[in-house]
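Look for chain A in each of the two complexes below; its partner is chain B in the first and chain C in the second.
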Partner chain A sequence: MTTTRRLQLAATAVVAVLAVLPFAVAGRISLGIFVFIGLFSLIVIGLSLLAGHAGQVSLGQAAFYGLGAYIAAITTLRMGLAPWLALPLAVGGAALAAYLLGAPIFVLRGHFLVLGTLGLNVVMDVLVRNVQHLTGGPTGLTGIPPLSIGALVIVGDRAYYYLTWSFVLAALWVGRNLVCSRVGRALAAVRSSEVAAAAVGINAAFYKSRVFALSGALAGLAGALYVHYLSFVSPSPFAFNFSIDLLVMSVLGGIYHLPGAVAGAAIVTILREALRTIMPRVLGSGASAEYEIVVFGLLLAVVVIFSPAGVWPHLLAWLRLEPGRSSRWTQAASLAGMLPESPPPSPRAEPASVLRLEGLRKQFGGLLAVDNLSFEVPAGQIYAIIGPNGAGKTTVFNLISGLLRPTRGAVYLRGRKVSDLPAYETAALGVGRTFQTPKVFADLTVLENVMVGLHRLTTTSFTAAMFGLGAREDAQAAARAAGYLEAVGLLDRADVLAGALPFGALRLLEVARALAIRPVLLLLDEPASGLSSAERTEVVKLIRHIRDTGTTVVLVEHDVGLVMETADRVLVLNYGQRIAEGAPRLVRNDPRVIAAYLGEEAAS
Partner chain B sequence: MTLTQQIAQFLASGIINGTIYALLGLGLVAIHSATRVVNVAQGEFAALGALLASTLVTRGMPLSLAAAVAVGVAAAVGGGVYRTAIRPARDAGPLTLLIITIALHLSLKGLLLLVWGTDPHSLRPFTAGPPLRIAAAVVTRQSLWVIAVTTVVLVVLYVFFTRTILGKSLRACAVNPTAARLMGIRVERMSALAWMIAGALGGLAGVLIAPLTLATYDMGLILGLKGFVGAVIAGMASYPWTVAACILFGVVESLGAGLISSNYRDGIAFGVLIAALLWRALAALRGGLIISEEAAQE
Partner chain C sequence: MNAPGDDVLLAVEGLEAAYGRVQAVRGVSLSVGHSEVVAVIGANGAGKTTLLRALTGLLPSRGRIMLGGRPVARPSPEETVRLGISLVPERRQLFESMSVRDNLLLGAYHRIGQESRAAIEEDLRRVFVLFPALVNRTASRARTLSGGMQQMVAIGRGLMARPRLLLMDEPLLGLAPLVIRDILGTLAQVQHQGQSILIVEQNAKAVLGLAARAYVMEAGRVVRHGPATTLAQDPAVRAAYLGGHVESAEG
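Showing the complex of A and B:
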């Protein structure tokens, strides 16, 4: 039996167990604990998507849970709204709050979300306790109506059990769709290298804030279900400690696997019930709730240090259910060549120069890396920038591709000023680039890396991806990506993880990925360094081919031989200043160039 | 009390609180710049310092010695935490390190709970005597100690970072660890030093504040977070601006709590934190996308 088949069987078995569980436990244990595991699973699925796939930690999920709960409670109780209308309001309110908090924080990069969300917990708690006329203060609100649709009133453990777990399964389905989509690949790219992701046109903050909004929505949903289930709400379940519990659930289950969220929620909830019976016996009553958090703290430390991927992978291994390496795209890739290769960007309508730099200057503190640099790159040429180490070549690339802002001066792409655009916008306008040290997305396959390059040429939105609506476009993207792999000679390794490629292949993969954005201008940062002589010959051929298909190439290279062989024009930089420019032959004999490379004596 | 007197009073207590936050904020900046870790457990150093000092004094140790021991132990704990929990995972990525500091926060808090229990502990003021009157505000003698000691510490830190090879090495590691390593600086040792400094500053904050409030095992989180507010406003990078921002934040918090309602005190504090994050984000947007550290390292 194949692993896939066994996974399907296991999933069916789990659903079947969930379906009969209320009957199996009837009369023995309260179903309530399973309702809570379901509610917590919903929140933790969101948190795991955020941590495992968007690379951000939130310590504010309890606040969104509380927000959903209070929105549902207040709108139904104080404003007389029908509960089935309050539910989407609670979900939307929590999602909006998350989005409004997340969108600006993600612009900062780094890990500031954890602080912002921590603060949110405190603000939420203070508000709920003090705006008493709405929230009922510390004592809370009672008599919240149950969910009902028309005459159908949803009450009791069993009804909420089925309702909650239906939502859990739906959330797992949505999460899985998202992870396997264009958006999921973009998130994986951002996690691997935000800079390389920006270089293919991905706006990291855009996707992170949407994932965070989704996690807020799931927490809000859990909160609303909670109040309609219990018909009572008070501030204490939504405090900071619960945010910690949720993080423990998420990390323990495994942030990289969505079903791990359910496992984590179940383990922690059951463990806490057990602690509540054991702790008072061991320690006497009193601070047992406080000791609980100590146990969770140690548990978190142990898991994150010894098994950062949580228990889920171990569980799968134990059940012999590890999925094999996905080759989902191979079939799609076999279609390569069947699609007509899209024509190169029309060279006819081109202005004479593709790229123009005007008085560009970049200062890092006291270091002047680029000094009053102006040059133009004619369309359809290979333009090489050479110069000694530290001449400012890579800085020029970073300025052109939008990773750095110039201190003064401007960069124009086909007459349009691009130096005030963020890197992902510059990429979307057709500036592709590679990096001196290749930055591939190590945990995506070779083919998926190139599919990420197609990001701005594909359109599946975040919402469409959630509902699995991008499959057709994905297949087309895979086929097109395979075409680019074929062009660089990597098609036979399409299903290999990019992190496992040898160095030379990494350079080629980067070129394929950059070509996938259909650049009008391709910036190659030392494309031949570290390559064997056979690989170098291939790269020279490839660069010429790229030019001949209509893309203008700018390359930075130390291999002067390669530059003389391929370049149509050469610019020589030294200390951030232009010292010569022209045809390779002329530049080679320029005394200033010889002086810069070999010293004044050799020049005279 | 007239409104002017009230405001003077709020200003004074805001400055004093802000000074305490500054000690925590400086520790956070030291750790963040040397090891790129956002240390959620920073406040626990303060709780440790406060509890330890109060117990030692209760057991009969002279206050100055108890304070020194408490600060020293907090520094040692800072270094120890780095060696045992942070360094082994330093290649695991920022997300893992962040979760580790959250786990550290919980574990250290738990340890404090096991040793000291839930009861608050008190520490006598450094000098006895009635409060002093400064302008329109009434200020306790301990408050003056807070300001005096912190000022001395700031001067010492300034000299350390600008005049000593060790301090300059530490700054070099913060700017570019790879280049620092190539210059023969032991980055590992500097990271441990940063954590020790953060531990010592946190412990000192605890010792200074214990006579003003009370020492409890769970006092750390809120204190540490308030240090964060100032550090974030100052961009998690500049020591002097962190101090300025923390003091300003202390004043805003105190005025807000005093003039609106003390129930909202922490709400105001973290409202300011969120506002500070948004403000920094807007500044970052205006300044354009900054090349990230991964690229700057090359």
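Showing the complex of A and C:
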């Protein structure tokens, strides 16, 4: 039996168990605990998308849970809105709040982001406790009507159980669609390296705000269901420590796997209930709450140390349900040569120079890295920049690709000023690049890395991706990506995780990814550095091939032999200034270049 | 080929090292004599860096490692430094936010308290004599230095440990030709002062000029070894690692 078949069976079994569970436990366990597991699962699925898949850890999810709860409570109780109308309002309100907060809050990164989102809990708590005429203050609101549609009133544990778990399954479906789509790959790229994501034209802020809004929506949904279920709301369940609980559930279950969210919510909730019953028996009554926290802490420490990816991957391994890595693209990839490559960018009268730098200057504090630099790169050439370490070569690349803003001067691409554009827009205009230390998306496959390179040439939107509407485009993208892998000789490793590639292959993969954006200008930062002689020979061939297919290449390289073999023109920098420019042979014999860079031996 | 007993500083026999299930070094035996420079060349993924990690105890390994006739049993990184093996790691790995001087002094960390301050200061002076370019940058943060200067600091830091054996991992990577020439010159000078060096390098042409002997690694094993001049003439080695002919024939 194939793994796919087994997975389908397992999923069916889970749904069946969920369906009969209320009848199985009737009279023995309160169904309420399963309603809560469902509610928490919804929030944690959102958190997994945000933290696990997009790499943006938030400790503020309880605030959106509370926001949804209070919107539902206030609109139904104080404004007399029908509950079925209040539900989308709560979801939309929480999503909108998250979306609007996204722009300022995602300026922060890493632990600063965690602290920033932590603040959301405080703001929410203060608001709820102080706007008493709306929220009822610390005592909260009672008598919130249950959900109802027409004459159908949803009351009782069983009804909310089925309703909540239907939403959980829907959220898992939406989340899975998203993760497996163009958008999911963009999120993974942002998580892995924002700089590399920008270099293929991905606007990180755009996706971060949207996935934050989605996580807010799921938390808001859980909040609204919560108040209609309990008909009561007070500030304490949405306080700061619940945000931590949510992160604990997420990490414990497995932050990189959406079903892990459900596993984490279930483990924490059931364990807490169990400890509440067991602890007083073991230790005598009293002080049980403190011991419960100690056990939790130990459990979390054990999981994080021994299985940082949570319990879910182990669960899959134990049930022998580990999916084959991205086998879903393998078939598409085999179409590589068969799909006609879409026509090249419309042939236009190329201006004589593709790239022009005018009086470019870049200052880092007191250090002048680039000093009044002007040069032009003719179309269809290989243009090399050489110079001593620290001469400003990589800084020039960063200025051209938009990762740095010039202190003065400008960069023009085909006559258009690009030096005031963000890096992702410069990439979208056709500037591809590689990095001195290869920045590949290590936890995506080799093929997926190149598919990320196709980001700007594909169109599936965030919403369409949520509903799984990009499958056709994805299959085409996979086939096109396979074509680029074939060009660099990595097609046989398409399904390998990029992080597992040897160093030489990483450089080739970066080139394939940069080619996928269909660059008019390709910047290669030390493409042969760290390569063996055989690999270097391949790279030389590849660079020539890229030029011959119409892409202008600018390369920074210390391998003077390679530069002399490949370059049509050479620019020599020293201390951020041009000291020579021209045909390789002329530059090589220039006394200033010999003195500053080559040394006598290498020149002879 | 190996130097006879008394002259051998480092003797490695049947070294095995693995990352999880991936066996990266398979039964490697090699030796380094006193005041000798020995090179290890080979393609990416041949196991060169893993070999150095095993020798310094950064990675657990099996097999015999003898330094100066005494076994280095269960090497740990701190222990191997104390025994006299110091590593100049790949891509420099400086303490980027610390000054050049502090980076160098940290190389002598295990000597502080064991030896006089004056002895350590004397070694510091020796490093600045070897790398005069660093003299004006002693107070600069390491991250503000150019790649070439960073590599000089990394080598200086390795020397500050006063090692019996200096291990170097790709010290020429990403450096300008002039800097490569300078560093090779300095290394020759250091060797002349009696320093034993085991150097792993992709730039085979440069390193075969410096080393007395060399080992060629492929897929975790030593496939060839001998005097550097002999290996430099070996057609198979030339084709695989020196390149020259292959490319000029094409260009």
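Assume the second predicted complex is superposed on the first by the 557 of 604 C-alpha atoms of A that agree within 3 Å, B and C clash if a C-alpha of one lies under 4 Å from a C-alpha of the other, contacts with A are read in each partner's own complex, and residues count from 1 in each chain.
Basically, a residue touches a chain if its C-beta (ideal position, glycine included) is under 8 Å from a C-beta of that chain, and two chains touch if they have at least 3 such contacts.
This structure is a prediction, so every number in the text was calculated from the model and none was measured.
The partner of chain A that touches more of its residues, comparing chain B with chain C, is B. Using the contact criterion defined above for the overlaid structures, shared-chain residue A:E273 touches neither chain B nor chain C, since it reaches no partner. In the superposition on chain A, A:F503 contacts chain C only, with no contact to chain B.
In the superposition on chain A, contact of A:Y597 is made with chain C only, not with chain B.
Within the superposed three-chain model, A:Q436 lies in touch with chain B and with chain C [touch as defined at top]. Residue contacts after overlaying the shared chain place A:G390 against chain C, while chain B stays out of touching range. Contact with chain C, but none with chain B, is seen for A:V540 once the two complexes are overlaid on the shared chain.
On chain A, the surface touched by chain B in one complex and the surface touched by chain C in the other have residues 436-437 in common. The touching residues of chain C, counted against chain A in their complex, run 42-45, 91, 144-149, 170, 173-179, 181, 202, 204, 240-243, 246-247, 250-251. Interface residues of chain A, counted against chain B in their complex, comprise 51, 55-57, 59, 101, 104-105, 107-112, 114-116, 118-120, 122-123, 125-127, 129-130, 193-195, 198, 240, 244, 247, 251, 286-287, 290-291, 293-298, 300-301, 304-305, 308, 394, 398, 402-405, 420, 422-424, 435-437.
Chain A contributes residues 367, 386-391, 436-437, 502-504, 526, 529-537, 540, 558, 560-561, 565, 596-599, 601-602 to its touches with chain C in the complex. Within the complex formed with chain A, the chain B residues making contact are 38, 40, 85, 88-89, 92, 94-96, 98-100, 102-107, 109-111, 113-114, 117-118, 218, 221-222, 225, 228, 232, 236, 261, 263-264, 266-267, 269-271, 273-274, 277-278, 280-282, 284-285, 287-292, 294-295, 298.
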